[in-house]
Every structure is written in C-alpha cells, then in structure tokens.
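Next, two complexes with chain A in common: one pairs it with chain B, the other with chain C.
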Partner chain A sequence: MKMNSAFGKQEERAAWLFVLPAAISLALFTFYPMLNALTISFKEYSLINPEAVFVGLANYSGLLSDPKFINSLLHSFHFALVVIPVQTALALGLALLIYRSSWVTGLFRTIYFMPVVIAIGVASTLFKLIYNQDYGLLNSLLGFFGAGPVSFLSDPNLALYGIMLLGVWKSAGFFMIIFVAGLNGIPNDLYEAAEVDGATRAQKFVKITLPLLRRTLTFVIIITTMDALKIFVPVALVTGGGPADSTTTAVYYIYKIAFQQMEMGYGTAAAFILFVIVMCISIVQLRLLRTDVEY
Partner chain B sequence: MLRLRKMMIVLLIACFGIALLSACSTKGSGGENAGAGGASQGTSAEPNKGDGKKVEIRYWRHDFAPEVQALQKMIQSFEAANPNITVKMEVIPYGDYETKIRTALAAGNAPDVIGLDGPTLAAYAHQGAVIPLDAYFEADGNKEDIAAPVLASLTYKDQIYAAPLNDASIGMFYNKKLFEKNDIELPSKDPNQAWTWEQVLQAAQKINDPANKVYGIDPGWGLGEGEGSTFVKLPFIWQAGGEILSPDGNEVKGYLDSPESKRALSFFSSLYNEYKVAPKEIPPEAFETGKLGIVVNGPWAISGFATSHPDFKLGEDWDIAPLWKDAKQVTPNGSWNMAITKDSKQPDAAWKFVNWVTGIEGAKFWYQETKNLPARLSTASAIPELTEYPMNIFVEQSSKFAHPRPVTPAYPVITTAISKLFADLGVSGRNVDEAVAEAVTAIDKALEKYR
Partner chain C sequence: MERIGHLLKWIVMIAVALISLLPIFWMVMGAFRPRQELFQYVSLEWHLFIPVEWTLQNFIDLFSDSSKPLGRFINNTLLVAVSVTLLSLLFNSMAAFAFSKLRFRGRGVVFAVFLSALVIPGEVTMVPTYLLVHAFGWIDSFRALIVPAAVSVFSIFLLVQFFADVPRELLEAGKIDGASWPGIYAKIVLPSMVPALITMGLITFLGQWDAYLWPLIVINDESKQMLQVAIATFTNLQATEWGKILAADTVASVPILILFLFLQKYYVQSIVNSGIKG
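Take a look at the complex of A and B:
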C-alpha cells in the first residue's frame, strides 16, 4: 500500500514517534555503553583508576594466549554442548506430554513451569544445600538406593555437571511452554489426514510435528545457546568457579578479571571476544535452521 | 478524530520521555545516596542547613555483626564529641564488599572512609584510590604506638595509606573431646611449644573417621577462593622456609617455586590425597558440631562460637594451641583497616573519625567490644586478659612469628593464583611442579606491569 497523502505523512511521523522511546533507551543504555566498552577494551584500564593508557590490541593478543581464558571458554562450550540437546529434548518431551489441555495437564504444566518462576539466586542456594556431600538431599536419596556419594561441589570432574543439572532444571519449563505454543499451532487436519493414510505415531512425529515445529525449534536452540554460553549466576553462587577452576565459565572469568583483579580493559576485551563468538554461532544457527516448510 | 489520536500520541511520547529522563537523572546523581550524599553536600547543601559547617562522612565496611555493633557505639560517641560531623555507615555483605567499593571508586562516588583489607592496600594505593595518611599520623595519630609488622603491612612506597583497626593471627583450634576419645596427647598452650606438621598429621589420622562423618583436619578453610582462605594457607609456605615473592616484591621465580615452597605444597596436598585426613568438602559448621578434629581460626572465632554455639565451650569441648610449625614457626598477620578515599571532599573530618576509632582510646574500646587482636602496643599493655590464655597465644605469635603478606599492587592476582594453586593440589591432586609453574607464570605476568 502506498502512502502519498498528508494523512500518510502524518502516519509515518507517528510511527517514528512510536519508535523513538525504544530507540532512545536502546541507544542510551545499550549502544552507548557498548561503544564505551569497546574503547576500554583497547586500554590498560584499572577499575579504580579512570586514567587509562591506550595499549592497542595487547589485551586481545594477551587473551588469545591466556590458558585460563581459553579454559574458561572450553568450560562454557562444554556446558553448552551438553545443555542445548538435553534441555531442548527434555522441553520438547514435556511439551508433548502436556500440550493437549485437560485439568491434569494444567496441573503438570504448573509443576514443570515452577522452577522458571523461582529466582535463580534462590534456586542456586538451594542446590548448593542439596548437593552437599554429607548432609545434602541428593546424597541422602542416592544413599537410600545404595549408590555412592556424588560430590557435585568438590569433584572437579563432576562439578560442571552439577551446574548443568541446575541449569536444565531451571530452564526446561520455560522452553516447554514455547514448544506447547508451537505444537498447538500445528493444524489438526494434517494429523487426521495422516491417520487416514495409516501413519504410525512415530511417522506422524517425524514427518509432521518436527518439520512444522522447526521455527519454534530454531528459536529455542538459539536462545538456549546464548543462555548457555553466558551462564554465570549458578556458577557464582553454587561453586564460585571451583573446585580448582573446573566450573569457571567465560563470563565468570570475565567477572573475576574485571572486578576482583580490577583489570577492566583486559576483562572487557574478553567480553568482546565472547560477544563475537556468540554472535557468529547465532548467525550460523539461523542459516542452518532456516526452513521453507510452511503451514 | 484524527486530531484526538495525534494528541494521544504526543501525550504518550511525553510520558515515555519523562519516565526516561527521570530514570537518567537518578542515575546521574549517583546511586542510592543521591540526595544525602556526603560528597555533594559539602558544597551545595550548606545554605539549607541552619548551623553552618555541618558535614557528613560516609563510611563503608563489610558486614560482621559484632564489629558493626561496636562501630555503631563509636559513631554515637564520635558524633556527641563532634556535633558538626555526622557519620553515615553503610554495611555491605562480605562477598560483595570489594566489588561494591571498586565500582564506586570507578564511578567517582566512593564514600569518604572505607574499610580496607591489608593485602589490597598496595593496589588501591598504587592507583591513587586512597590517600596517604603520613601527615595525619605525624600530627595526632600516635604512629609509634602501632606494632611494627602491622605498620609495615600498611606502608607502600614509604607512605602509610591506612589506619589499622586491629591485627590478626591464627591458631590451631582443636576438639578436645575428639582428642581424648582417640587417646591423643593434647598440644601445649605455650606459644613457644607449637606442634610440628608431623604431630598434627598423626593426630588427624587418629581422629579421621569418614564413615561416621568425622574428619581429621581442615588445614586452611577449605579449598575455595577468597582472601581469608589465602591468609590461612600462606603460612604453610613460610613455615617450610619458602617465600611467595622476593623481598623487594618484584620477583616470583625462585621463591614460590623454590624446593621449600614445593615441600609445603606437597605436604598440603598429601593431607587431602595421600592420607585423606582432610575432607575435600566440609559440611557447614563442622568444627562447632564436633565433626572436625582440627581447624585453623583466629581470635574473632572465640566470641563467634560463643554466640552461635553456646553449648560448645572453650576449655571443655575445644581449646586453642599455637599454630603448627615446620622448619620455622610463622604466623600470618594483617587485618582490616580504615582508609580515606581520593573522592573525599573533607579528608580532615574523615581523619578525625578514623582516628577516633583507631586511635589509642578507640583501639581499647574496639578490643573490649570485638576481642580482635590489637594493633596498638598501648592496648596490649593496658588490658590484662591479653597476657592470659587464650589471647596470649595470638599476642605472642604476632610479636614473635608474624609474617606480612606481600605488599604489592599485584596482590589481587597473587591471591587468586595462590588459592587456585592450593585447590589444584588439594582437590584435583595435580602434580606439584606443574601447578606451581602455572601459578608462577600468572603472578609473573602481573608483576611485570609494576617493575
């Protein structure tokens, strides 16, 4: 439709005015700090002393040869590689169980969604108690079934899995709801037609549900990836990056550098490297998961 | 109709704009103290107040109930003696404390007076975040009364940057009942008769009974991070005859990776991995509830245990012995101090307050209220109980065996590297040489900047 009258111009102006508040706040609270951070990342900048020295790419080259930073990135990727498939499959599974509405599914929806509502700080503190090797609920339960104690807090080989468990428990419910919305959007007549043709349940899932859920799936996977690579709060509260740095993820490392060791420039450079990595991954995912199937 | 809609749009945008602007303006004027902020008040608020030069000193410290209560009393008496100065104390949880101070300093709205932990002093001083106090100390600070090792830990490049609230030392706290149950001879209470590492290990082996959730020893406040954790672990290295840095604070190679230092680290690791007398994960309040035979702790814990576990009695259930020794007897020192920030607009008034709390009379009151090891000699001689058990252990240790932590702006890196090193050895049982090499590289890189 073409707008050529005075009315059209007025509408256009109104549109801009509507965009304005969001644009201003984005510019002020997102882009301006980001630009500032970008300049800081090229400086030797101590947190408590604003007089900084420009050091060019030294922070970036230092980071790329810093084994602690590389390790923290590897921990983040390890976390993401496990959490993305497990959490997505779990969320989809839960959604399939409850997406048709009846009073029972309503109840279960609420139960599965509960962890999402709990504040992450509270959940982390609770999990720290639950994981306690001697008095925690988890090991009491395992002991009841005769299984040995699991030291999620003090075994460097296990600690990251403890954080993963917490992460999946906390977020699966949210993505379940997204999947429920996606599932309910698939027209019922497709299934009816398939049934007439004698399709099995598995065939219906693979040939109808999954392809038509692809948009939802794309959204879920990209958001999960970003969240997973940026994991911070449970690490800070449950393990503090320990034992022996085994749960120090990239964001936690950045926090330690910038605020504990006061190397703001170095930390900001690390944040930008992480930002670029996350952005690249998201772009690749968007391309890969692009779909032509429509309904 | 159209006009009406247009008006609505304009109205809507105006609302958004106002909301946005107000959000900005609170942000601009500096955090939660915007209205009452001391720094801004000194200049602008004078006409509003009737009695002329009333100033407000903002003071931040970390949370620790007994100390906060003592300070509240001291602030009251200070305000009564100095009616034109008010002190606004803000108490911040320990875990967030350093971050909060640092972000406030970065934003240029730090309080006038801050609590400063000994080892971070050099970093703050190097960046000019806190001001030197030498002139004030000369005038009315009674500098000669402060114990020499404490003063050394507060001196960076020949200038004093903080006034000590108290000193600190640690001893070996042991569960008397567990010792008696396992027929272990009790260690001496004489500060000159410290147990050796071997004696401690043997006792821990006898007590250790993981099947019943009773553990031998927690040699250094677990394996987590934090300055407290480093504070109690460093003595192992010094006791073996090792050092962290060269005396001038410029070199780490040849010190942290010396054979003596490595011997200390191997011993620490063996407690966790070879002898398994130290639990990798300690249940909360393990010592107070009789689950742990031996721990390290300081004088502050005496009153702490008395309030948190009144049934767990000193002399009956537990006792204190001097900290163990190896080639040498060494204990750590240094504690929390008060410093004046560069952002303070009224450093003279701030010093008045600092000197009120940390001066000769203040130090005595501080000891009576908190039972922290005094940093002033006059306090130690004025109070008889400091020469009696258990305080005499800490007092004597800090005068004979104290070793300050390295005073260098690179300390924030050192403390993380050291706690990582001890965790590597304790919890992951890593090879000592490899783990030490990694820590040395990290510290060396940080020192490079200050050479």
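Take a look at the complex of A and C:
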C-alpha cells in the first residue's frame, strides 16, 4: 500500500478529472433544476410574463382543491392499480413458461420481447389505428368472435383501458426478461431436494420459487408502479387526455399546465406533489416486500 | 392430465405470441397497401393482413413530402442519438472507472451524491431544465437534446457494476509500465469493457430513438424535429392518411427490430443487469 505518496496524489488528481464532466453535468442539469423547481413551485411563474411573483404555498393549496388535478391523480392510480397486478402476473407467467433455455423458448422469448423494441411513439400511433371503431384491427378481431364494434377511444368508461392494454402489450416482455433472470438464479438443487421429498409442482412454486423470487418481484413491482403512475406518451398520442378528460393522467395534466397553459409554477408544484406520492408509495412497497431470505 | 397441461401451455404460448406479433405485422403489411384497401378488408380473413395489391406509394409519399420530410427527421434523430450515445459512453465510463477503480478522498460521499440523483424524477426538473436551456439560447437547437442527456447516473451505476470485474492488479501493472491514468483507462480498461459498452450504448441509443416529451418541449422548429414527435404529428392529419402513418411507423421500427435481432444478447443482458443490480 505504501507505493509512495506521489503515486497516490497523482491517482487522486486523475480520479477527480475523470469524475468532473459527469459532476458538472449532474450539478447543472439535475441538482440545480431540482432546487430551482422548489423555488419555482412557490411562485406564479410564466414564460410569457417573466415577472415571477412569490405566492408561498398558494400553488400547493390551489392544487389540492383543484378537481382537475385530483382527477388526474385518480386516473393515474386507476391505471396503476390495474396495470401493476395484470402486467406483473403476465410477465411472471410468461417467464415461467419459457425460462428454461432451448431454441424453442429462445424463439418465444424473442417474440414476446418484440413489442418492447417498438418505440412508444410508434406503438401509440399504431394502437390509435388499431382501436378505430370502423376499420381498426381490434374490432376486426372482435367482430370475428361476434362482439363489437366497440369504440374504445370515444367511450369515457373504456378509453383508459385502451391505454392500459397498450401499456401492458408494450412492457410485459421487458419484465418477463427480468423474471427469467431471477428464475435462472434459483439453484436447481433446491427443486431436486423438494422432489425427493415428494413436493408437487404447486408446492414447489409457493415454497421455493415465490420466496426466492421476492427480490426480483420487489424490483419489478416498484419500477412498474413508478412507470404506471407517470404514464404520459400513450395518453398524449392516443387519446390526448380525452374523452371528457377521462384519460388525463397526472403527468399529462402537468405537461398541459406547464407547457400549454404556461403556468410553470403551478405545473412544477403539481410535479412535486406527484413526486412525493410516488416516493412514499415506493418506500411503503420496499418495507412491505422486504425479505430476509438468502440463497 | 399431464398431457392436457402440456397442450394448454402451448396454446397459451402461441396465443401470446400472436398477440405480441399481430399488431406489428398488421402495421408493416398496412404500410404496403393502397389507401382504399385498408378500409376495405376489415373482417377476419387472409386479406386483413396480406395486401391484395402491393404498393410502395406510402413510402414514396412519405419521403417526397417536402412539408414533412421523414428522411430529415430520421437524420436529425440519428445525429442526436449517436452524439448522445458517444458522449455518454465517454463521460459515464470515465466516472464509473474513477468510482470503481481509483482511490481518492471523498469517493464514497461523491458517489452517494451521484446516486441520490436517481430519485430525482424528470417530471419535476422538466420546467427548470427548460428554463435553463432557454437561458442558454438552445431552444430549437440540437444542443438542448444532446448536452443534458450526455450524463446518466443510471448508466454510471451499471458501469460501476461491470467495472468491478476488472482486477486492479491489471491497472497497477500498467502503472508500473509507466502508463498515465488516462492511458490505462484508454488502453487497458476500455478494451476489456467492450460488451458492457455495447450494452450501455444500445440502451442510450434506443432511449434517444424513443424520446418524445423532451424534444416536444424544446424543439419547435419543425425541420429540426425528432422522429417520434414527427410521427405523432402524422396522426393529427386527416384520418384517412393511415397508409402514411403505418409506413412511418414501419420505417421507424424495422431498423430497430433488425438491430435488436442482431444484438439481442447485449440487449437482454442490459435488462438482466438493470434488474438484478438496480
């Protein structure tokens, strides 16, 4: 260790130079905006009228009694509450079907993953056509089964489900791969030991797979929750928040307030409220899903 | 019983495969159809998916339309995505190298500060970052897209995990041979990290290729627009432009799908790593 102190000094100087570009970028484009966001959220701030007025907590109290904001939060929660269990179960189910390596499972893995590779902008414009009442693919298929035609995007009770379907179609494959990695990390001898003891397939799943998959499951649920609560692009492109604001989610509302109505202080305060909510939910999830199982 | 279970498993696997693929297939095939055909075959039959009369007209329209030139949008996006990818590989790997391999005072604290940025969501910093970029005079400039995206804490974090596999003895051997630290980084560390760099590069590139919200905010000049935003504006045109929309979607997807099929190993690896270590 006592190479000599000149060597250590040189290393120290080199290290700071290596970190410097990233540090400057983070300070400028992450930490400074974060602090600035806090001050902006206490102001009535608009690009059109650059004279920002300090309004204290008015933006926050205004938001908490703004039915449009509350509704946008509720839509995000509705979206998350459906998507988290459905998408996670689907991803886990698919992973269980194909996690053992062979060329057949490899092929299916690739196929299930293809929607993930499609850009979200592309997927959104595509699904807007698929949902079309008269000529869309979905109604063609429903028609074959004697159902429909359903107007997915103009019915306020259905439009959000259209966004959910698109979200699950696009993302399930991503989380499937994470589950595959988790499943392959479970040592095989555990299953073999269980088989010797005469365990059934269901018992093995409940007693071995689920507990040992808990860390992966925690990760998947937390990330899915964050993504779901912040859903934006499909809303902006497929429904534009409509019909009758039924798909206006929190981030879409924030975007509209901040960049279409140019009320940047109000919009930033809304973003802060959403941030605090997402953060609290993540912490609670981490606590609930904490595990001591080691393997 | 076992046999029924097996059959059921295959039915589910194939059904999900169809659901995954049909929209993509419908998109690509629709791009090759004349306009009226898209609205003609709407019941479940062969021609719902396979064009009767194949045509390239949608693609020709798309690239020759001077008011919305798709070729330019692709060039813009490639320029930005490649710049961001190269810069981020350089800066992020430099930082990751220092954090994982170099000894310096305050390393733990600085790394913790870096990691704390992971919880700061883009939605909150969106407005202030916009104001900053505006103050720099970067609105309608690619700089607004490239510079703020060049460093990602998430990438640094993942690269630190990768770098952990490079033994420090290897570096000290280089040191004894008289190489400088930048020399060691460039000649020893980077070459041994190529798979990790491909993985990170792929994540960064695709993230830029998919970017929608930030370009929508900072680019107003339509000739400088990014691909996803441009594609989105096609749907605002008359509803009958389906062929064009599907062709644009196809052009934006097929290169990425091919890239994915070739680099699948790295792509999947990136997700596995983000899952295990995130």
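Please note the rule applied: the second predicted complex is superposed on the first by the 271 of 295 C-alpha atoms of A that agree within 3 Å, B and C clash if a C-alpha of one lies under 4 Å from a C-alpha of the other, contacts with A are read in each partner's own complex, and residues count from 1 in each chain.
Basically, contacts are C-beta pairs under 8 Å (C-beta built on N, C-alpha and C of every residue); 3 or more make two chains touch, one makes a residue touch a chain.
This structure is a prediction, so every number in the text was calculated from the model and none was measured.
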Partner chain(s) touched by A:Val19 [first = chain B, second = chain C, both, neither]: second
Which of chain B and chain C A:Gln10 touches, first, second, both or neither: both
Which superposed partner A:Gly241 touches (first chain B, second chain C, both, neither): first
Contacts of A:Leu47 with chain B and chain C, given as first, second, both or neither: both
Which superposed partner A:Gln260 touches (first chain B, second chain C, both, neither): first
Touched partner set for A:Glu192, first chain B, second chain C, both or neither: neither
First (chain B), second (chain C), both or neither touched by A:Tyr135: both
Most chain A residues touched (candidates chain B, chain C): C
Interface residues of chain A shared between complexes with chain B and chain C: 7, 10, 14, 18, 21, 25, 28, 47, 134-135, 259, 264
Interfacial residue positions of chain A with respect to chain B in the complex: 7, 10, 14, 17-18, 20-21, 24-25, 28, 44, 46-50, 67-68, 132-135, 151, 153-156, 240-246, 256, 259-262, 264
Contacting residues of chain A [partner chain C, same complex]: 7-8, 10-12, 14-16, 18-19, 21-23, 25-26, 28-34, 36-37, 40, 47, 93-94, 97-98, 108-115, 117-122, 124-130, 134-135, 137, 139-141, 143-144, 169, 173-174, 177-178, 180-182, 185, 216, 219-220, 223, 230, 232-233, 236-237, 251, 254-255, 258-259, 264, 267-268, 271-272, 274-275, 278-279
Contact footprint of chain A on chain C as seen in their complex: 9, 12-13, 16-17, 19-24, 26-27, 30, 38-39, 42-44, 48, 91-92, 94-95, 97-99, 102-105, 107, 110, 114, 117, 119-121, 123-132, 134, 147-148, 150-151, 153, 156, 175, 180-182, 185, 206, 209-210, 212-213, 217, 227-229, 231-232, 234-235, 242, 245-246, 248-249, 252-253, 256-257, 260-261, 264, 267-268, 271-272, 274-276, 278
List of chain B residues in touch with chain A within their complex: 2, 6, 9-10, 13, 16-17, 20, 24, 98-99, 102-103, 105-106, 108, 123-124, 127-129, 213, 223-225, 280-281, 283-284, 412-413, 416, 420, 423-424, 427-428, 430, 438, 442, 446, 449
